[in-house]
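Shared between the two complexes below is subunit A, which pairs with subunit B and subunit C, respectively.
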Partner chain A sequence: MALLEINDLNVSFSSYSQRTQVLRDVSLKIEQGQRVALIGETGSGKSVTSKTILNTLPGNANVESGQVSWRGEDLLSKSDGERERLKGIEMSVVMQDPLSSFNPVFTIGRHLEDVLYWADRRAGKRRSRADRVTHIHDVLRKVQLGDPERVMASYPAQLSGGMRQRVLIALALMNRPAMLIADEPGTALDVTTQDEILRLINDLVTEVGLSLLMITHNLGVVRMTADYVYVMRKGVIVEHGPLEQIFDNPRTDYTRELINAIPPLYGASVKDQPVSSEAPLVKLEGVSKTFTRRHLLGASDHTHAVRDVSIDIPRGEIFGLAGESGSGKTTVARMVMGMMGATSGKITVDGMDLSAQKDGRIDRKLAQIVYQNPGTSLNPKRTVAQTLDVPLRFAGLDATDRAKRTDELLELVNMPRHFAARYPHELSGGQKQRIAIARALAADPKLIVLDEPTSALDVSVQKRVIALLEELRSDLGLTFLFISHDLSLMRNFCSHIAIMLRGELVEQGTPAQVFADPKHPYTRALIAAVPVISTEEEAAKPIVTQAEKQKFLVSSAA
Partner chain B sequence: MHSTFLEFLLRRIVGFAAVLLVLSLMIFLLARVVPGDPARMAMGPAASEEQVQDLREEMGLEDPLPTQYIRFLSGAVHGDFGTSLISGRPVTDEIMRVLPATLELVLVTLLLMVVVGLPLGMMAARHRNGWVDTVLRLLSMVGVTMPAFLVAILLQLFAAYYLSDWPLLGRIDRDLTVPDGPTGLLIIDGLLSGQFAVVLSALQHLAFPALALALSGIGQIMRITRSAMIENLRRDHVQTLRSFGVPDRVVTFRYLLKLSSVAPLTILGLEFASLIGNAFVVEMVFVWGGFASHGLESIMQNDLNAVMAVVMVSGMFFVLANLVIDIAIGALDPRLRLKEGR
Partner chain C sequence: MSATSVSIPEPDAPVILSARRMAWLRFRANPVALIGAFMVITVLLCAAFAPWIAPYPDHAGNVIDFANRHAAPSSEHWAGADKVGRDILSRVIFGFRVSLLLVVGVLGVAVPVGAALGLCAGYFGGRTEFLITGFTNVMLAIPPLIMALAVGSVLSPTLINAMIAIAMLWWTWHARLVYRVAKSVAAEDFVEAARLAGATHWHILTKEILPNCIAVISVKTTLDAAFVILFGATLSFLGLGVRPPTPDLGSMVADGRQFLPEMWWGVLTPALGIFYATLGFNLLGDGLRDMFDVEV
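Let's turn to the complex of A and B:
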């Protein structure tokens, strides 16, 4: 008998008397001790599936037909109270975003104790408070949090993302559940931290003999953590099978597309971008940036966001700046854009010294930026035409020229002309990002700063946006400064890359050089942490020793 | 962490001192600009021009404005606002006589707002869009829109008709001796001196004026608690706790309440500050003899010294209330305390 079995599940959402079917005849099975992955892109219905299992669907959801059985018993016919009793004891969930999963005004310990207390109550157990705390300490040590007392006394905001994710896993493991549902664990974290977290989940699953339902959009994660894979698209399971079969021998075009959309880290399909031999468009010479916070009492705090960075970006290149959160890569981009002055050093863009400019302001025709999240960088109350109109007006065009240029811009980003009248909410994520790119192109700049332009998008969409950017570069002779933490994407998209660690540049070169022979241990650790989708790529990754990791990575285990 | 919280407090105190300074300058200039000669006011229409001129010099009104301002400010720091132009008694004494009455009224009003408004707001949030919510929202709307004086009069009429023994005017029964307590607040002084009859009578007298004053605040606090709770209900952490089987009522009453009480608390601070000066309508109706009606009287009689003092004292309470609220919010929400340290 399977531990969890879903048969022909149909779920719909209704809002304002409109009914949308989100799951269609979904069937899925998890055996005792099996590691199952459910993969799919945004809106595929994978989270709705997990919410149906856990009985946490929103109020407007309606389970129309089908069964969800747990150890052979139908869950859907049980009362809410009975289903409640399974939570945390039989099945547990690890949430996606470790920060928002905790109430900010209560300590971590308060959360853990309450969950344990109520789980005990439901199980009819009695335990003293001291026993509960001891038990919590044990579980926290199991997820490699070395100082459980400090963790419990901390507020969520006082822990790092990786530590919070560990606490979330501890929360899920507290009552030795039979199955763990992991909803995109570590997605919000840096690659190296995500790697640690995935390894931890893997170890725990084998050690305790848990069953795992891994919900993710990242195929690399699937390869690390699952034996059996379900591929979901628009509420339908399009394909399922053992891991090797899905990866080596996908039967549907959709799965194939999904796999092909992932930029390879190593191997024959890796693309090398041409290196430009022209003079540098952007030149950074010994640039540093220090943030100072004054205190009424005591000395001021200084944060060295960027230290002594020197970079040349030749005309027509795609220069990649890689690093984890807090490495200073965004600060560098802001300085290049002239949105922020450097504390020391010299920045030259197209022969112009930025420090000599008034307020460090840079000409709009020189540099433009595309932000990470097009959902928030576009004004929701303005149509596409209105959004594009703003930079065009600054460029001094009259009404007829503006209309003409708007059409041209839409054509450049491969969007039909009639989209000019649409509002952002009528566009998909990829379309929004195209509009953001069009807006950056409006003033006809020479340099475009791309700040993680595809990290909010699905891989298949990312592939198309990247193709568009490559096309624009060769057609318009643009130079890109590409900021990202996605190394496999950078391997294929950049002609030069530089790696930053805590404000300093630790390595730079062409991707071919850097990936074949990374000099700095931090670079090696970063590359090694990227989840890949084939054994060959895994084998080609550089080797990092534990000592090196400890030296350069911020441990989330402390 | 402690030093950063201390720094946070210091910053606030410095800021509030600046607010008071600006306020003092403004009220001083205003008092000198308004038509009407304070000296003439004090002497009355019968006095001769020479007598008035003598008094002007005596009061320092002939000095240059900066000198006058500095004299006013240094007096104010010592709690000396000069003498009333009408009664001739020190302004500070008069204020100290009426302040406790209003303070007691306002404090009880605030208590009512919290005790009634917060639970009702939580109830509305829990049953949002149900009939309980609809009724409560309607009532809160009525509460916010009904003018306090109207409520006060209606309550008085109600008491007069149906509760024949209920006291309608003043702070306490006339045949009771008011305890000579340290605070001037009848409830507290009564408790301290063990005179429970005083406490009871004071509470009876307070009930209707406090209710009349509290009604709009109850409505506001209810609405704001409701929307904060509903906003927070959507958060992931609510979902997390529920997924692990922590009961709904614990999530609501422990986790959501604390998170959602920042906004109502801020409202409470503002209410306190404004009630100190604005309670006069209700004070008039119930013949309360408090600070707010004293302020109104001073304005009507053009008693400039008293007006200046009243404004300064109101400002001080405003600043004080905000400081207390800031500290309370800091205690409630660790993010505010921690952020100061970054």
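Let's turn to the complex of A and C:
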């Protein structure tokens, strides 16, 4: 008998007399000790599936038909109370965002102890406080948190993202559940931390004999953590099979597209971008940025966000700036845009010294930016036409020229003309990002700073947006400063790459050089942590020892 | 890779509703909001068509009918008559005019002033923010009733002066609210993008930030209408509002109070009038708040 079996599940959401079917005849099976992955893009219904299993669907959801059986018993016919008792004991969940899962005013120890206390109460067990603490220490050690005493005394904000995610896993494992549901457990973390967390989950599955339901959009993660894969699209399971079959011999076009959309890290299909040999458009010489926070009493705090960075970006280059969160890559971009002055050093854009400019503001014809989150970079109250109108109007164009140019811009980013009348909420994520690119192009700049322009998008959408950017670069002769943490994307899209660690530039060169022979140990650790989708790529990665890796993990608490 | 393609059923695309349609659906699904809207509309209609609706339109003026002095509610005078024999129902219907005039006068000044100051404080930050929020906080410390009494006694106790007194303090609430919203909107990427595109401060304030504050302003204004009616009634109850014989709900309650408890109708109907108008605006405001999904 399978541990969990879902048969022909249909779920719909209703809001204001509108009914939307989100799951259609979903069937899924998890055997004892099996690692199953559910993959799909945004809106495919993978989280709704896990919520149906856990009975945490929102109020406007409606399970229309189908069964969810746990060890042969139908869960949907049970009462909420009975299903509540299964949680934490039979099945547990690890969510995407480790910070919002904690209450910031309680210590980690308090969170863990409360959960254990109430689980004991429900199970009718009595345990002394000392016993509970010993048990928690054991579990924390199991998730590789070496100093349980200190972790328990910390507040959530004092732990790093990776540590918080470990604590969440510990929380989920507290009562030895039979199944762990992991909903995008590494997505909010840096790539090196994500790698550690996935390895940990894998180890636990083998050691404790857990069954795993891994929900993710990342195929590399799937390859690391699953034996059996279900591919979901728009509420339908389009394909399922053992891992090798899905990856090597996909039966549907959709799965094939999904796999092909992943930029390869190594191998024959890797793309090398032409390197520019022109004069530099942007020049940074020994640039540093220190943030100072003044206190009313006592000494000021200094944070060295960027230290002594020197780079040249030739015209026509796609210059990639890679690094994990807090590495200072966004600060560099903001300084290049003139939105922020450098503490020391010199920044020149197109022969113009930025520090000599009034307010340090850069000419809008020189540089424009495309932001990471298309949801917040477009004004929700303005239509596409109104958004595109702003740069044109302030460039002094008259109404007829503006209308003509708006059409041209939409055409440049491959959007139909009638989209001009739409509001942002009527657009998909990829479409919003196209509009953001069009807005940046409207001012006719020489340099476009791309601040993680695809990290909020699905891979298939990312592929199309990247193709558009490549096309614009060759058609309009643009120069890009591309900021990202996605190394496999940078390998294929950038013509030059620089790696930052804690505010310093540790390595730079063409992607081909850097990836074939990474010099700095951090670069090696970073590349080694990228989840890839084939064994050949895995083998081509640099080999990094555990000790080397540990050096660059943000491991300590405050 | 074998190319045995399997066709995937294509589900229907989700229906995307326009923001306006979505808001209307949300409003319609809220019975409380609909009741509030109905109440407000009846108050507005009463005020607009008072001379045609009121059973004794001339009783809004200087009429004396001693035969009906303190007449109890009857088929002739549904809500009874006051101390000089005027029909109370007619005077309540006319009384809505004064109440609404006060609402328009006070909020017509306070909302634009408060919103403009809040926008500037939230967007410009720095010294502007410090000065505006500081001044707002100082003004908030003045009790409105004391202010109204002071203005009423220094100038003269008239409707216009009551309006001035209330408006002088009322803008502070709008300034604070809009400041809070504008500050968070100003930190959004689209504001920075507009600035990088060369937009002027005026454009950013009026075209980028203000449209994102409209929901919050309209909810607050609707809820405020109720408070202004209540506050105006309080002032005229204390004799600081409208001069007789103009019918006003607050002063009618004050007049009727002298003849309690025997002639209870002199107080009941004007009090119910205040209650009805206040409740209507409150319910409508709550409904709008749910519809726009904002915090006020």
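Observations on the model:
The rule is simple: the second predicted complex is superposed on the first by the 555 of 558 C-alpha atoms of A that agree within 3 Å, B and C clash if a C-alpha of one lies under 4 Å from a C-alpha of the other, contacts with A are read in each partner's own complex, and residues count from 1 in each chain.
Heads up, the rule we're going with is that a contact is a pair of C-beta atoms (placed from the backbone, for glycine too) under 8 Å apart; a residue touches a chain by one contact, two chains touch by 3 or more.
Being a predicted model, the structure only gives us computed values, none of them experimental.
Of the two partner chains placed by superposition, A:F291 touches none, neither subunit B nor subunit C. Counted by residues of subunit A touched, the larger count belongs to C, out of subunit B and subunit C. Contacts of A:R233 after superposition on the shared chain: subunit C is touched, whereas subunit B is not. In the superposition on chain A, contact is made by A:Q158 with subunit B only, not with subunit C.
When the two complexes are overlaid on their common chain A, residue A:A395 makes contact with subunit C while staying clear of subunit B. When the two complexes are superposed on chain A, none of the residues of subunit A touches both subunit B and subunit C.
Interface residues of subunit A, counted against subunit B in their complex, comprise 54, 56, 84-85, 87-89, 92-93, 95, 97, 100-106, 111, 114-115, 118-119, 122, 155, 157-158, 168, 171-172, 293, 295-298. If you check the complex, the residues on subunit B that touch subunit A are 3, 6-7, 10-11, 14, 235-237, 239-247, 250, 254-255, 258-259, 332-335, 338, 342. Interface residues of subunit A, counted against subunit C in their complex, comprise 16-18, 20-21, 24, 233-236, 238-239, 248-254, 256, 337, 339, 364, 368-369, 371, 373, 376-382, 386-387, 390-391, 394-395, 423, 425-426, 436, 439, 442-443. Subunit C makes touch with subunit A in their complex at residues 1-2, 4-6, 8-11, 14-19, 22, 25-26, 29, 188-190, 192-194, 196-200, 203, 207-208, 211-212, 214.
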